[in-house]
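Please read the structure below before turning to the comments.
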Amino acid sequence: MAGSSIGTIFRITTWGETHGKAVGVVVDGVPAGLELCEQDIQIYLNRRKPGQSKFVTPRKESDLVEILSGVFEGKTTGTPISLIVMNGNQRSRDYSAIMNCYRPGHADYTFDRKYGFRDYRGGGRSSGRETIGRVAAGAVAAKILSQMGIEFTTYAKAIGGISVNMDAFDKDEITRNPFYMPDAKAAAQVSDYAEKMMAEKNSMGGVVECRVHGVPAGIGDPVFEKISANLGKAMLSIGATKGFEIGDGFAAADSNGAMNNDPFYIDADGRTAKKSNHSGGTLGGISDGSEIVFRTAFKPTPSIAQVQNTVDKFGNEIEIEIQGRHDPMIVPRAVVVVEAMAAITILDALLVNMTARLDRICEFYNR
Amino acid sequence: MAGSSIGTIFRITTWGETHGKAVGVVVDGVPAGLELCEQDIQIYLNRRKPGQSKFVTPRKESDLVEILSGVFEGKTTGTPISLIVMNGNQRSRDYSAIMNCYRPGHADYTFDRKYGFRDYRGGGRSSGRETIGRVAAGAVAAKILSQMGIEFTTYAKAIGGISVNMDAFDKDEITRNPFYMPDAKAAAQVSDYAEKMMAEKNSMGGVVECRVHGVPAGIGDPVFEKISANLGKAMLSIGATKGFEIGDGFAAADSNGAMNNDPFYIDADGRTAKKSNHSGGTLGGISDGSEIVFRTAFKPTPSIAQVQNTVDKFGNEIEIEIQGRHDPMIVPRAVVVVEAMAAITILDALLVNMTARLDRICEFYNR
Amino acid sequence: MAGSSIGTIFRITTWGETHGKAVGVVVDGVPAGLELCEQDIQIYLNRRKPGQSKFVTPRKESDLVEILSGVFEGKTTGTPISLIVMNGNQRSRDYSAIMNCYRPGHADYTFDRKYGFRDYRGGGRSSGRETIGRVAAGAVAAKILSQMGIEFTTYAKAIGGISVNMDAFDKDEITRNPFYMPDAKAAAQVSDYAEKMMAEKNSMGGVVECRVHGVPAGIGDPVFEKISANLGKAMLSIGATKGFEIGDGFAAADSNGAMNNDPFYIDADGRTAKKSNHSGGTLGGISDGSEIVFRTAFKPTPSIAQVQNTVDKFGNEIEIEIQGRHDPMIVPRAVVVVEAMAAITILDALLVNMTARLDRICEFYNR
Amino acid sequence: MAGSSIGTIFRITTWGETHGKAVGVVVDGVPAGLELCEQDIQIYLNRRKPGQSKFVTPRKESDLVEILSGVFEGKTTGTPISLIVMNGNQRSRDYSAIMNCYRPGHADYTFDRKYGFRDYRGGGRSSGRETIGRVAAGAVAAKILSQMGIEFTTYAKAIGGISVNMDAFDKDEITRNPFYMPDAKAAAQVSDYAEKMMAEKNSMGGVVECRVHGVPAGIGDPVFEKISANLGKAMLSIGATKGFEIGDGFAAADSNGAMNNDPFYIDADGRTAKKSNHSGGTLGGISDGSEIVFRTAFKPTPSIAQVQNTVDKFGNEIEIEIQGRHDPMIVPRAVVVVEAMAAITILDALLVNMTARLDRICEFYNR
């Protein structure tokens, strides 16, 4: 199936596997007239680059993006933008240790069952490198959104069970520690815990939180195209994700109506606003003008160097030790992926929403 | 936007609002040759009918489904199946108390901001009656899946913070208590708590868990069409949902790789299987042949009869008390909605998956 | 496959077969705020009603439309509009003569091969009654377009090889003859020819031409979503169509560049315009501001009462005489179907086009 | 809008403009297990290469394709195949003569109206080079179809009004003349006519016919996804097309039912077959097992070196002479584009059709 595209009006199509020649994305439906250069995209890609601390894989990947189409004289033309990142690191390695074996927690077995065989080099299409296309496309979406006053704050909410103290939230701290945590104390705890886990050849999971500021009320649709449902799909389409929640999320399930309802009031500017934000910025699947807040759960990196029991494709029970330079935690590099997917989803919803009211359509065309 | 359809090959389109003439669904892409009658669908609809205990709304709704097309001589023809349920209960009431006011936790405000006005009678399209179309379509999907040996077990995992003890799981108990809980003791606790909350004019949230047995390995696609992502979207498109998790979900984020990875082994029948199921039945977004297990969080019913602060559409701060016969908890009636959306999602993925391998396609056409 | 929907933002889903209980359509993506009542739709349906002259089937079908959802206090709410027309004429007839036989020119054989069996009553889903949903949805689209100054002139260009003399084009004449021809002389010739053909138990084909006035320049997309390609698909999806051409169409293939190119000039209002319209109102798949002109070819009605050679589903060669009250020509009743599909296609393209330019998007949201 | 993709299960997304860095296509939904190398695609691209006769542009374009993803150890993996062709010929030229002017018959004016500006170098995205992605993707589709016994014969039916004599049809002749005509005599006439037109700085249109052998009965869907409608859209999405017809097409409109109906009979192998093929291989939008035959009309190349009247974007009436090396006729190089789009469309319909019958689905999964 053609499962590599997402979006209705602003639609991206990613391609490429980790040990192929390149990875990339076609970003279609970009409005004409956006000033765009490679550097706009590169700053996003750099946020997911490996090798930036001892807590992520030390692999060197330069990950330089090239714009192949859709931009003319520094501006988007309205036609598809093809973005490519060459895979520098495709030297032929010895894969004999894993080519026939099913790594626990990986998609080796499911790919074989689906397709009959698989590209066994480093996870192929289910590798983390698949997210390069998402991040590159998200950079384009985020640049458009920033021109409408929509901004993202994305960070690690928890790693290895150690959570940020939200009362001590410090936005500036996010980029000061290798975990993208908005709380230096929590980051220090994670650092200690991570060193211990890495010594044990183990890995950690975590939670990424994203806050979207400035989304006008009215975005999203009432039934299947709820903004919350589409954010959920976007996040759960990222590899290694196991959960998504918006606003109070699973905690709301334990709450009661009197506590969970957000009372409306009239703010100082005479506008309708909410006194609290248990809803996380959406009501009935449509944005309510307050901050959109959601969380995505990532499982621990499945590639660990401990001895693991598994089977090979010939039906033998075997033991494996996964070698190589793997991230002991996915979350730090996933922060920008979450933000990118959020930007793609929200931009698409904003574009679609332009057609919701007849009076505005008539006004648009009678300009 | 055309946001009332979901699915690629098996696609449903729901329509109707709570106080309109009827609600319904068009189920397109149903394979030809399925024996189908109204009773097949009615048994699903009856599971979401109100008035079956004191813990749900006492409104009487007969909710009889009629098949208008797509079935001939008792079998589906391959053409769209139009299903309709008349709204018996559309007597003209006095809506003056709510027509101009924004109920907290409801979509009144967001609809007004999106569309400029709204159908203020009982929530219109964002009412729980919108789920009738989902359940009717889900009954069709589930009947097809049952012929492939795929079965669902769906139940309330928690209500008002009271969780089922999974060690005491009793499948038969699910239909013996009004909460659809597989644990009589937990159900009794919920009953007590619910009485107390109802006396306080308050409401409760909860969590629905769904287990899908018999899905073959290989279903779902690697990137945006992961089976987990599509289940997430399907669930988060249901009204009042705030979270979704698959397998260990958010708990996986606190775990580590050595614990969270499911080791493969060769079972007694010589087949590859997993010793545990932290993954919840998917790896890399593709089914791995074990049970698919996921949870959906529902917020407390926003309609409560306590006095609440809010605003009206003219910008005045007001107080409201919501009258009427509202469910003090959504979960018991949502159990079948979750199951229906799961059936729709999994069937679509199964159909799409038939095209994954060239050898099987050639075999199919050289029959 | 879910093949009963068309459109991206304004999307319709038709359902129903000729001898089922009803036929209908769900019209999704209708902007909120359109004044809409059943009469708006009925006037379109009446244009395709049978029994209006001796040159179409004398069957009586009242074809009264009912709006089941999506309209509140006389205005569209932005939610799906479900439209239904009951099938009055479903008395049980004796189908033994055709239930096992493959009528030449009909879809009996292809349905059997695709689905394994078929609804043999009157063509089922491939009957002309399937167009009721198209026409009802088209009425909604056309009402929206009329508010933007977009109007349609649709008529029979030729029937049975007798063509309208376009130099004698008389718009008022279209509704004065039973053939919807804008030329009384041609209509009289067709009348004579049709009487002769009907006496011979034979049938006629023809060509419908549609002119769309007032479409602004810039509608449609450069590659696969060309407005011309989508009009082509929309027309060729109507039963019994065999061809589509826009502007000079097939005649352009015989022409040369110097003749076929339309020179631009500056008109009296200072606007860019074209001196001729060989292109039929589109350049590069995008509307150029001049009239969109296209033609659709309809084959002769395949149901004829002459003896025909054919086979039955058991593999026997047989002779059949098709009984019943069939249209000797499809074109007069197809005129409104062509117009409806054109309205649906153009409205969708107009809505989608609102997202083409960043400056206009920013302006829209900074209102 | 995201208008650069086509197809449901087998979906292609093209990108790139003539004077950008490269053009390409992402082919998604390719079944796993197809042996595929660059040469498989190159042989298709070579058929559209310029410079192969004096009747097409003498520009030199090597147009070498590179596979960037989706193929591993010589076989498709089921993941997207990214194909790229570098634009060798992007030296900076002087575009001052055309950058502000609207060439008649081109999309300059419509792009400016849609997007506010355009890439004025050689037509940008509406250039013929956009078809490279289509042809490359079509080569993949055609290779798959050939393994199911489906083959294409595609040729120029007419150029400049000179038609092939179908009684003298000679398949081997197609590749022996520069026009891809299956009739040496007609080709010779075209050659003479073309020399005359080229001397006059004029251009010619023409008609491409495609015959598809071996499509099983039952492909396509009854309503909007008719195989005929999708072929029509695919063809009309090619630049410079003005018409499409299937089977007898517009001639059927002039015919009568007794002549136009194709009688069924039982052939020597005991199978249902048709004595004639006026329908062109489809009935009710579904393939009937006979040859699918359709035609596409191409307008004359709009780029001619004669002096033409037009306007510039500042509202001035001007004269232009278009310089450069343009094809005097589009048809010879369009033959392979038509075939590619047909292969893409038919493969997608074949894949989708696998889900039409419950018995076959059950059989597939109980393997």
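Each chain carries a letter (A, B, C and D) given by its place in the written order, and its residues are counted from 1.
Basically, a contact is a pair of C-beta atoms (placed from the backbone, for glycine too) under 8 Å apart; a residue touches a chain by one contact, two chains touch by 3 or more.
Remember, predicted model here, so these are calculated numbers, not experimental data.
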Chain whose average C-alpha position is farthest from chain A's own: C
Which of A-D and C-D has more C-beta contact pairs: C-D
Inter-chain centre distance, chain C versus chain D - centres from mean C-alpha coordinates, in Å: 26
Rounded Å distance between chain B and chain D, as computed from the means of their C-alpha atoms: 44
Chain centre separation in whole Å, for chain D relative to chain A (CA means): 38
Two or more partner chains touched - positions in chain D: 1, 3-5, 8-10, 14, 29, 32-33, 78-79, 114-116, 125, 216, 222, 352, 355-357, 359
Chain D residues within the chain B interface of the complex: 8-10, 29, 31-34, 76, 78-79, 144, 147-148, 216, 222, 350-352, 354-362, 364-366
Complex contacts: residues of chain A adjacent to chain B: 1, 3-6, 8, 14, 102, 104-107, 109-111, 113-116, 125-126, 130, 158, 160-161, 197, 200, 202-207, 216-226, 228-230, 232-237, 239, 241-250, 252-266, 270, 272, 275, 278-280, 282-289, 297-304, 306, 308-311, 315-317, 352-353, 355-357, 359
List of chain B residues in touch with chain C within their complex: 1-5, 7-11, 13-17, 20-24, 26, 28-29, 32-33, 66, 68-70, 72, 75, 77-82, 84, 114-119, 121, 124-125
